[in-house]
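Across the two complexes that follow, subunit A remains constant while its partner is subunit B and subsequently subunit C.
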Partner chain A sequence: MPWKITKEDIRFISLGARILSCGGGGNTRSMEALILSVMKDDDVIEVIPIHVVRDDWWVTAIGIMGSTVLFNEDLPTGEEMEIGLSLYEKEYNKNVDALISIEIGGVNALAPLLLALKRRLPVIDGDGMGRAFPELYMTTLHLNGIPLAPLSLVTQDNMKFIPSSYTSDQAVHEAKSFANNNGGHSHVVGYGASGDEIKTSMLSGTLYLAYRLGKIITSYGDGIIRLKQIKNAFENSIYGELSLVIKGYVTEVSRWFENEVIVGKLFIESYTKQHNQKIEIQFMNEFFTIHNGESIYRVPDLIVFLHIDSLEPISVVDIQRAQSVIVLVIPAPNILHTTDMLTLIHMKESYQLLKKEEDQ
Partner chain B sequence: MRQYTNGTSRLFVIITLISVKVVILLLSELYKSEITTIAIRFFRHYSCKIHIYFENCDRQNSTFGVLIEEKLRKNRNPIGQLFKESCSICTDLCTLTKYPDEEISMTPIRIADQIVAYLVIQSGMKNEQRYETLELIDSQLDLCKSTIEIKLQSLELERLYHETLDELQIFLQTTSDVFVLINKEDVIETTSQTFSSINEERLNVVGLNISTLMYSKDWERLKKDKVIEEVELLVNKGKATVSLRTIKSNDVTISYLIQILMDKGTVKKPIAKQTLYSFQQIKGTSHSIQKTIEKAQRVANSDSSILLRGESGTGKEIFAQAIHHGSNRSKRPFIALNCAAIPESLLESELFGHVKGAFTGSHTTRVGRFELANGGTLFLDEIGDLSPSLQAKLLRVVQERRIEKVGDNQSTPVDVRIITATHQNLEQLVQVGKFRKDLYYRLNVIPIVIPPLRDRREDIPILIEYFMKNLSKQAGKKPKRISKEVLEILLNNNWSGNIRELQNVVHHFVQLEIGELVTQKSLPTYLKDEIQSQIQLQSNHKRIYRTQPNENKEEILRLLDEFGRDTIGKKRVAKSLNISLPTLYRKLNKLRIK
Partner chain C sequence: MRLGIDVGGTNTDAVIIDDSGNIKAWSKQLTTSNLGETIYETAKIVLNEANVKPESMKGVFLGTTHVLNELYYPKNLAKTALIRLTKKPSKIKPGLFWPSHLSKYIIKEFHLETKYDFTRQIPHYDEIDHESVFKMIKELEKAKVESVCIVGAFSSFYEDEENNLKKVIASHMPSLSVTVSNEIGSIGFLDRENASLLNSMLSFVMKDALSSINDIFKNLGLHCPYWITQNDGSLMKVEEAIKLPIFTIGSGITNSLRGASKLTGLKNFIGIDVGGSTIDIGMVSHGHPQTEEGPVKVLDIPVNVRLPKVHSLSTGGGNLVNTHNGDLLIEDTIASDITKDGLAWGGELWTISDSFLKIFPHSFKDKHIKYENLEGISTEDCLKVVNTVSSRIREKIRQLQPKDQYVPLVLVGGGSPLLLNNIFTKFDKAIQPVGYQICNAVGACYAPLSSSLDKVFWLNDRTKEEIVEREKERVITELIHKGAKPETIKINRVEEFPFDYLKGEMFRLKIMAFGDL
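On to the complex of A and B.
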């Protein structure tokens, strides 16, 4: 049945979304603060689970694209999403009945909540990625044939509508160009579809999972018990049984920018004698592969870093030498492991450190 | 220092003396700290500095000398080259080898016949005093070697002893026969894992005298005769044939190993190690299933009888297992019985057991499920199918906590927590007289209703993912994704068979779908037909609904006029329409009402 997000729940969702972002997804704290500044104490956001989504609804996906670093430097006013939705409805001549997140990992988990609050619209419990991916088209929505356009793009100073005549590739190209020319990031309203199309294309229950994870991390209790609860939460979701890869400390981090993407690698040594004594992890906006001589885990499975004491998630930006961490790997839902999806996320090309790193 | 990639790791310790160097070349990781400690203790009077290095070396080439050559080159000591010869000479001669000209003394250290280290001393003195010092150092070296070897021998014996004990433990864990090891003081040292199958009294006999297991007179007779039959065992009051082997070392008795073979007719079936579900493994985040789990968790630790209600395939046995797993009886047996699956004529015997000769075909005494579950939990599924006579007998057991085997006039106490389950309407059965009211109230102390799958559809994606992952892995199939049409069907199906039916459907398409995209083709036929008729029904409903949109708008307008169009008024309108405020705003938006 539908459930409601209260003001108190926002920080849980923010924290849980950081876990699902696998080290990327931008800084949720700014969006969290923005929502809390707008939300009254008795305000609620209605969340619609998959089976309650009406087939005849028109649903759009909401998100923010571009550089997370630049987004953090250029904080939104909170009006951008509403403007984007109004532009979409006006140009496309269609009222939107519900919203969904493009990706649950990071800031984009919170983006639709802000708009839902302002426009009194429900949010669907699900998303299009199940984690954070670097590109706008790397969604299960796109995989299932839902076109990205029509698409509205909004920054603080500018806006643009891309009509439905554009193919998804063309729309992505236009969107990137717009974002690059307008401060490096943009709010996005797109992937419009009927309720029945959305519910059969999305990854279900991810918003609720983010909420549960955030609640576990902020609860009082022994770290071992909370870690077990995190394990249970993932097992009781569309993800599955997680693996604890290593508990140890970061011995080395190297990090640099390439094409406005944070790229790098780090090493972790275990506290105890175990088979994963020392591992190397590479990242490209998100953590994407773990090596211990050979690649043992990689994207699309979720690689998550948690602080060893607080269990708070650590991003690729925040990871530092000498930090004590726990590294978990959570299996991605089946759909992300299919050949079609792996092709969509360009496994080979997107996820390897560029040659420049090897020269460094 | 050079690195070598092959061979054993070794540790060498260089103790830099005033003018003497002591080098310990260890060829094995074993006992490195003991050797080092003793050597340092012997030569500490000379020491002013100790260096410890870890290196890899090839033992055969004995290039250890080359390794330290660079270090010692400053002192112009050609110690390196000599090692190659020294080591092999040492090995051959097994003696202290001296190279006066090069001021080196060297001796091997052995455990049994295996050289585990070399002890080497090199002196840099160049005067008369040197020779006296060298003689002193040589004798120190001899003494050190002996001390180390005695110590290592003792350590080695201890290690072998523990290894043997470990091997024995492994044997005892894996053997299917019942063994007990007793020491020479007649104290039970350890038992095989299978001992629990005969240990009905559940006594912890390890560390206790053998008289816990059998009478002393029988034990004395066994030690003498080695094999005796019809020995009465005190752990189960049964009779067994026991054979004994004496374990000796140097003709001295160390311990006794006995093998126990229960006489037929008194053996209970050993309970195989059970893997039971826990609450964490019950899938679903819906409000209804989470409420049910919470209720079950709250009552798990009590001994109250629980009645699980739910349709077929909802997971009643899984809940029963989880309740047992979460209770303080979790280490005791969990025994399940489906009352509908066994013919009535056999059900009584199945539940309570029977004695030998109780009826035609009963050649041995047999324990029933109640006795098997003693101390633990008994789960009786389909309790509504129990016959009136068995209901009466069950009532007596529930009330008096004693059972009577079929054909026996004696009763046996049992300590069992009873969980029952039914998909039937027990209240109705009570009303029509098919189920005893008194038994109903005894069993229905805590009813727990497990919701059907159709009442928790938001859990369907989680269950599908779970079954797909497991079944694909088991079948060696690649991951699949579900087409929109199929997911629509799965979300909308009535699921009269609940989770079991869903699991079967997933199994069906995982096995049958060749490609990665699950299409309608790989669904069971009955499902395709079912959903077609449902879709038809739904589309009829939608047509009816679409003809009446204006009524809804008029109603909303009327209420807005009545309560007002401010936020408080809208809240009242929403309450009146039994919808949430956000839903009302959506309707206003859609109907273009300002």
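On to the complex of A and C.
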């Protein structure tokens, strides 16, 4: 069913996207503020579900890459994405018919919406990650052979076009160095493909799911009922069956550096005494693994922290001792579990990181 | 000898403590709308009662929740103009996530182009574009703006541009108060802008409350230095508090926790302050009340200032109880003066205190309480109230208790006798120190001096260690300059944060140090 995003829906999508971000994906506040500032009360953004996407459309993915800390200091003007898309269309000599989010987890869920509004383009209900991953290439689009380039990059005072002759690896390298040299972050238009190709490589229905999740969380009603509704929302999606790992409070958080990245672990103790359960969770950019005695959950499955009363998602940056939380695990869509995808997201290296810590 | 004064929403307390830490005298007065007068009266009474010479006083320490109350119930906020110093104007509107009773005070918005580009490291800063500034000043005058807030992108890297603009505006409009965001918070534009705007709006509040403080203390014969306590529990000068009122909004609970530490001699405990409208629960470790910074919210407004880490339950002694369709409700509204309005005192309002008194008579040693007034409310309902309140408190305590060692509970605040020996017993290691009613004023007396830094540095051919050492020295020098005894200075924390995508070339450094007067 095609649907239309209204101004009121923006905060639901923003909130839901933070759930799917698994604690990472950056702060959505600037982007949410930008859209709310620009959008008029009667404006709508058209959302196209997978079965309505036309095969002959040309679709590009939209996102923001780089340091979220710097992005939150460097207020976007609100023009960047339009400039980026115009550059893309001009240099590549191709008109874009629809947009899709690179990453549904976090700020990038909102990234295509403003552009869609201003250019009157539809947004496809889906994305390239199904959650948040730390790198631009960790997408199912890349996995399915959609090249990242041509790619247009735009910051407040610079722009760059990377032509289709660049391989995806080269394009990633160029994009990173452009971001590094231009304030640490950049708006990105890339992963162009036909509607036909996008349909077979995207994760479908994630935008609607984000909206649903946000709406449920902000609805009145007691926690148990809302939690049940969250479970139902996931059941009607491409994700696996949600399980509640623990309801408890954070007893300890520690953070340290590993290869110039902040990593950390935390412990949660259960409320219910009979189980006397205590679990350990590790995190990097996102919540990463759960050790729960006999069972282990890990990326790419979604590890989600919610505040125990409000059910608002909590990020790896914000998690603190003595917070009361609900931890959920939602099995990732099957495609994220394929060997190729696990290689793409460096699960091997990540295991090593884990091991190193255990040796300490 | 020290004089501590705590100006709360309902009561103002004063206490005199001698050099060995004994309480010589204390007094409690209702807070009136004239803050200066209230402070004068309360201080006068306590000085008379202690029978000490004002000359023997080494310092006056003032804590207040006045500024926070002003945000809830504005009476004296300034009409504020925002000036954003960014490369290009952003379409993001200021005050977006604010309650309307506050956002309406943002009456003007300007954009000036920044000359600073942090990626080039060296500012291309010639001089201010005087023409645009003049034009802006004309508009400020026309709009009868009462306060100005300057927020520059990356001002935590480079503060000169904000400060220079402030100077220019001040030279044209000397009576206007100007907030610069580099004095308020660190990286994170919108949160810093929010905090700076709030600070700007609060310009009159501290000024009006404290401008007469000089004369008040002079009239009392007090010629010693005096200080205001801030969010992290440390001291600031009155001039600073007038300039940076946002830093005082959380000082009440911090003072209370520090007071609890002094009154009990404990360094590690969970403090429970039972007040009229809230029960605040916080943690003291190694003698310092714990604080947190970002993401914190003040009235739902995200800000990046340091605030005490407290869990506030809206079940204070004065909260009203009602039955609605058979359900028992604890309301957010409170009795403004429980000793007049509470049922037990002959009033008309059923409060949480009344419910406790029904179940646990004689908790308060107050001869004005008439227990027959409580006959109209059902024991069953009161028991429900008591159980609800106590289970909420117990839940919070359970979460805060460190796992390795059980720390005691310290009950303070006027309402705390309701809990002691009723809900919390010796078994919980619950303590209610003598002076529990004036704990905030006691805590203010012992507030330390602090100096902190939260800035972003480029390495520029220096090592990280060099920068950290240099900045540590700077923080310590500043503390000594403020009047701290060098031997008491302790660096409380040093934290480094790298920036991903800008590998190792720059880092954010946070240093916090405390020292005693």
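Quick notes on this one:
Note that in this section the second predicted complex is superposed on the first by the 334 of 360 C-alpha atoms of A that agree within 3 Å, B and C clash if a C-alpha of one lies under 4 Å from a C-alpha of the other, contacts with A are read in each partner's own complex, and residues count from 1 in each chain.
By definition in this document, contacts are C-beta pairs under 8 Å (C-beta built on N, C-alpha and C of every residue); 3 or more make two chains touch, one makes a residue touch a chain.
Bear in mind that the values here come from a model prediction, so they are computed numbers and not experimental data.
When the two structures are aligned on the shared chain, A:Q277 is found in touch with neither subunit B nor subunit C. After overlaying the two complexes on the shared chain, residue contacts for A:V44 are found with subunit B alone; subunit C is out of touch. Residue contacts after overlaying the shared chain place A:S254 against neither subunit B nor subunit C.
Of the two partner chains, subunit B is the only one touched by A:D97; subunit C is not. When the two structures are aligned on the shared chain, A:S310 is found in touch with neither subunit B nor subunit C. Contact with subunit C, but none with subunit B, is seen for A:L34 once the two complexes are overlaid on the shared chain.
By the touch criterion defined above, A:D196 lies against subunit B but remains apart from subunit C after alignment on the C-alpha atoms of chain A. Using the contact criterion defined above for the overlaid structures, shared-chain residue A:V69 touches subunit C, although it does not reach subunit B. Considering their complex, residues 1-4, 44-46, 49-52, 95, 97, 120-122, 125, 143-144, 196-197, 199-201, 204-205, 208-209, 212, 232, 235-240, 331, 333-335, 337-341 of subunit A touch subunit B.
Only residues 84, 86-93, 96-97, 118-119, 153-154, 187-191, 283, 292, 295, 302, 398-400, 403, 497-504 of subunit C touch subunit A when the two sit together in their complex. Those residues of subunit B that touch subunit A in the shared complex are 280-281, 283-287, 457-458, 460-462, 465-466, 468-469, 472, 478-482, 484-485, 487-488, 491, 516-517, 580-583, 585-586, 589-590. On subunit A, the positions that touch subunit C within their shared complex are 29-30, 33-34, 36-38, 66-67, 69-70, 72-79, 156-157, 176, 179-185, 249, 251-252, 257, 260-262, 269, 318, 320, 322, 324.
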